[in-house]
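What follows is subunit A paired twice: with subunit B in the first complex and subunit C in the second.
And then the complex of A and B:
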């Protein structure tokens, strides 16, 4: 799961030493880094090729499909807006997976943290509606509640893991169902808006406390927040002692303990960050999209985020382009359905191809000499 | 559906125009009168088009709409009730040139459809639930059909087809529209068998196949020999009941193929009446009504053709009851008690579209189960 576990990484280090004699180190670094771009790109292309064969087999034109994919996902300004809007929650929910993954933890309960975060944000905002309380106070309060609710929820899974040895994958998933049940309890019971007889929801948070769209874009601020957060977490995980300690722990928890690293604190912190990211996604779903909390919060973003994080190899920065790719596929899925008369599952088939080919391509890292620093490396 | 094929264009226009005039509670100004040759209709479904339920009922009608000259239909399924549906609507408008959008799921309405209607005043939006009020944009609106009338017919047939008189009902949530269908079902059954009872189990969710199967089995175990339901996709209920050897009545769309032995009839929407009416009006450049609704009398609901489970007595009783409903005869003719002994609907008889009937919070006497 984590880069540390990858046996090729020390080899890069050794290769760097060998190669530093004659060539520019920056150039060689770039060449080595390009491996992490070229291989995924080739894998995605291979997946498209396979998918084209699938389309031919069912008598549809791959060229039409690709041109529609382009038109619907990236071809016009409107398409980009559609793509980025769909990518926004995925960036945050993927970060909720990527951060604990640095420790070797597989947290799949982002959905629950998202739901709870969104619900908490709505719950704190609703009493202020109509009181004239300035948005400058209520909006930060909503964010804090969303972060706290999400953070505590995944944090609980982290605490259970460290204190009681409970598998975090299972506990976070189960907690996720509890979170959804908690929200349903409140929106169908004590906090229900009785003017909405057919769909149980909280009262609306009101336009004053809603998050507007970004200027010149039809995308809400959740997207920019996700990108910034991905960069911050990328730096935190790759350029700080905290990130380094997390990676050591992810490589071998017992060794990390023996070295005196605060393993418990690392697990808890990463779990809190994870839940906070998902909670923030929930905040934006309520404050920028739905305007109230209801069952639509559990739209599956938390689960798609798992896929995005795995495809980004749990690299927080790589999460952004992968989320945009998924957003584009989702955006184009509609027009593919409409113009080609194909079922919604078509795009799922393509996603499946991409996922499998990308996972298979994991075995290719370190196998091509061209990417090795010094050009003579390879797998030793 | 069968009757539509035989209706000629002239006659259709006449009836549609007449019914539309009768149904219009408010009208929208329609800026661009569009020629009949360039109407693109965008239809949005929350689930799969072949779900044997709500979505299929719309999709079947949309298929027929595709046959209307000059109408092009674009469809998108599995669209969640999030900003994804806003983008789907925009995509249909921007990339496909849709002039009429039909979002068919409840949660699409607010805020998504309302916002899109505000930002696209040239596009018409009609939503399949009774939500539009005159405070909403004038280019938006609602359409819906009173399926309780078809459930009442289900009940009439069920009361005659059931041997034990013990009927079972698998329901999603105890909300007004569902309670009304349950009550109408038993009321229909009691017109044939005054001792009939209806045991209801709520699953708590619109789509929860495992619990729907459990509920069906529990009802059969409790002695029910005829099962019906109000869930999004009745497939599991009908199949489970069929495998247990009991009779079934359907809901939303035709489930007849799922139960070749025990299917009696089913309550079905007939959205095509509404959709074709919209298409014709737009084709002529006329405004669409903001609110369109109806039942048997407006040809907006129907019952599935009788299956092998329908006895002769059931067919005759149901046919007679359908005739009454088409003539506008009320279903709720006398005051009734709820199953806790309180008198409800004291001002009966009620017109079949009376507002009081929309807000049922109770189950009538003879229904075994709790509405809260």
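And then the complex of A and C:
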């Protein structure tokens, strides 16, 4: 985003290119790749350090906090289940950001696509409840509706970008609100379950159409789906012509157009994939967690997903560990609250520290000579 | 006359617009200032919530709602200057930082705000401007909050300053062309840092309205996304402070349409009216995107209009 090119980067690169002549290229590549591990890890550690100072300042023990965080997020099988359940929608909503980001597009409408996808899945399932229609028919139908609803929603933002030059960041944000309003309209009005006076919801989709937990694990299939999708999209973006074309377009859209790349089709496809991922997150929230569509769908997973993708540097595969980290932080909120007498928002503050420090650490890429290698090193 | 359902809805909407529009107005003015300098701050939702919390806590501790407003502004200065500083660093993405600040601000507000959910802090007094009408509904609708008037004054000052002062010119130049600003000897980073910080101050003051006037208490569901709407409002207002006030009133009225329709017995469908401002903003974006003419008001350096 910076408009000033860092003049030192190519110099370092060229100088080291000469210096490293004769060394193994694999070793050099490893060295350059380690930058993407070392900097984020150091940044996370710095964030934890800052947060420890914050805890000390308010008179709490950072060590107790850290051990509880570990216990609540990753210490037991139960906490892992909780962590992965929270990570699942984050993986999918982060992929919804990472895919269009390859084209240089910043889509921030995942929240709306998630809500609409979840709502569409519930809306198609509810009429079948009690009719004895086999789950083998209804469940795929729900998935298709969720994918289509989410895909169309972000796809619309992509189409507007390509056809009319409307900025996708703003249009997807606006479409998000419209999606939430559409769901509210239906769950408060025509599709409201009148047996739920406190919270406006659709009727339950019924246990027959719910997604079960994975065998031997206390997490639903949404997690496995997210991991597989992350791998598939990672391969698509890094190992195929499609991904290569997307990267060129992301580098310079006008040059890509001049080269005869199908820029319009690339934008539309990536927007559709993006929306479908978020819609799928909505499907699993409805069909594996909530059992019905209501305002709980707009719980902020779409927004956290944006940050997860940025922190993973829009690498689909790196999205998975980052999402698990933040899933774990969320899962530990309860135990920190109970055992330390601190508000459950404590983990939100820690998340804020991590977000801020990690985003600020972006500026460090390409600054350390130790990671440079000739040609491709040091480019953020 | 006051029994005509249409009149009731209209009066309720005017009252609602005045009551609800103040936080919209402040976040819109803050965002307008920041965007005029060529940067976007998507984190005003966090600023609004932290401002609301800190204002409430300060008013409760000191007994003065006015000090509360200042504290709300200070919260905005803190988050705004952090945003401004981070975005000054090369390669740091302003959209991502904005969303991180949103999350950070809300986290801090919920963390420190827990003890203030129960107690009752002093509220800002309202100025009754409607006594002359003799119509109780109208008199109630015209209970004007002082911050509403401050917001309008701020908008007028901002519009005048943009057009007539050296600082206004510096901000506009920085927003339109960083190269031109540098040629003028202006530090682009510094101007944007200041614009984001002052924009944060305004949004924090807007937050104090939420907790000190309407709805008038602190809880975690206080904001209904007014801070997130700031970006839409500013586009809707096409980067003019005066139009920001109009847009805030319009967004406020649209939000008040649902409850006022409810008061005359129409309960269905008003959730779609809540979406009306967004649909309108989107249509404006679509209509103006093809033509250079309509977007001439947009700062040239702004990432979202490039």
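For this structure, a couple of remarks:
Basically, the second predicted complex is superposed on the first by the 341 of 380 C-alpha atoms of A that agree within 3 Å, B and C clash if a C-alpha of one lies under 4 Å from a C-alpha of the other, contacts with A are read in each partner's own complex, and residues count from 1 in each chain.
What we mean here is this: a residue touches a chain if its C-beta (ideal position, glycine included) is under 8 Å from a C-beta of that chain, and two chains touch if they have at least 3 such contacts.
Just so we're clear, the structure is a prediction, and the values are computed from it rather than from any experiment.
On the superposed subunit A, the positions of subunit B and subunit C overlap enough to count as a clash.
In the superposition on chain A, contact is made by A:343 with both subunit B and subunit C.
More residues of subunit A lie in contact with C than with the other chain of the pair subunit B and subunit C. Of the two partner chains, subunit B is the only one touched by A:71; subunit C is not.
When the shared chain is aligned, no partner comes close enough to touch A:102: not subunit B, not subunit C. Within the superposed three-chain model, A:173 lies in touch with subunit C and out of touch with subunit B [touch as defined at top]. In the superposition on chain A, contact of A:303 is made with subunit C only, not with subunit B.
Looking at the shared chain after the overlay, A:363 reaches subunit C, while subunit B stays out of its contact range.
For the contact definition in use here, the residues of subunit A common to its subunit B contact set and its subunit C contact set are 343-344. If you check the complex, the residues on subunit B that touch subunit A are 42, 48-49, 74-84, 87-88, 90-92, 94-96, 106-107, 111, 129, 175-177, 359.
By the touch criterion stated above, subunit C contacts subunit A in their complex at residues 42, 82, 86, 89-97, 99-108, 110-111, 114, 178, 225, 228-229, 231-232, 235, 268-269, 271-272, 274-275, 278-279, 281-282, 285-286, 289-290, 301, 303-306. Partner subunit B is touched in their complex by these residues of subunit A: 71-72, 76, 78-79, 81-82, 85-86, 197-199, 218, 285, 289-291, 294, 296, 299-300, 330-331, 334-335, 337-339, 343-344.
By the touch rule above, subunit A contacts subunit C in their complex via residues 1-4, 6, 106, 108, 160, 164-167, 169-171, 173-175, 177-178, 181-182, 184-185, 188-189, 303-304, 306-307, 310, 342-346, 348-353, 355-356, 359-360, 362-363, 365, 380.
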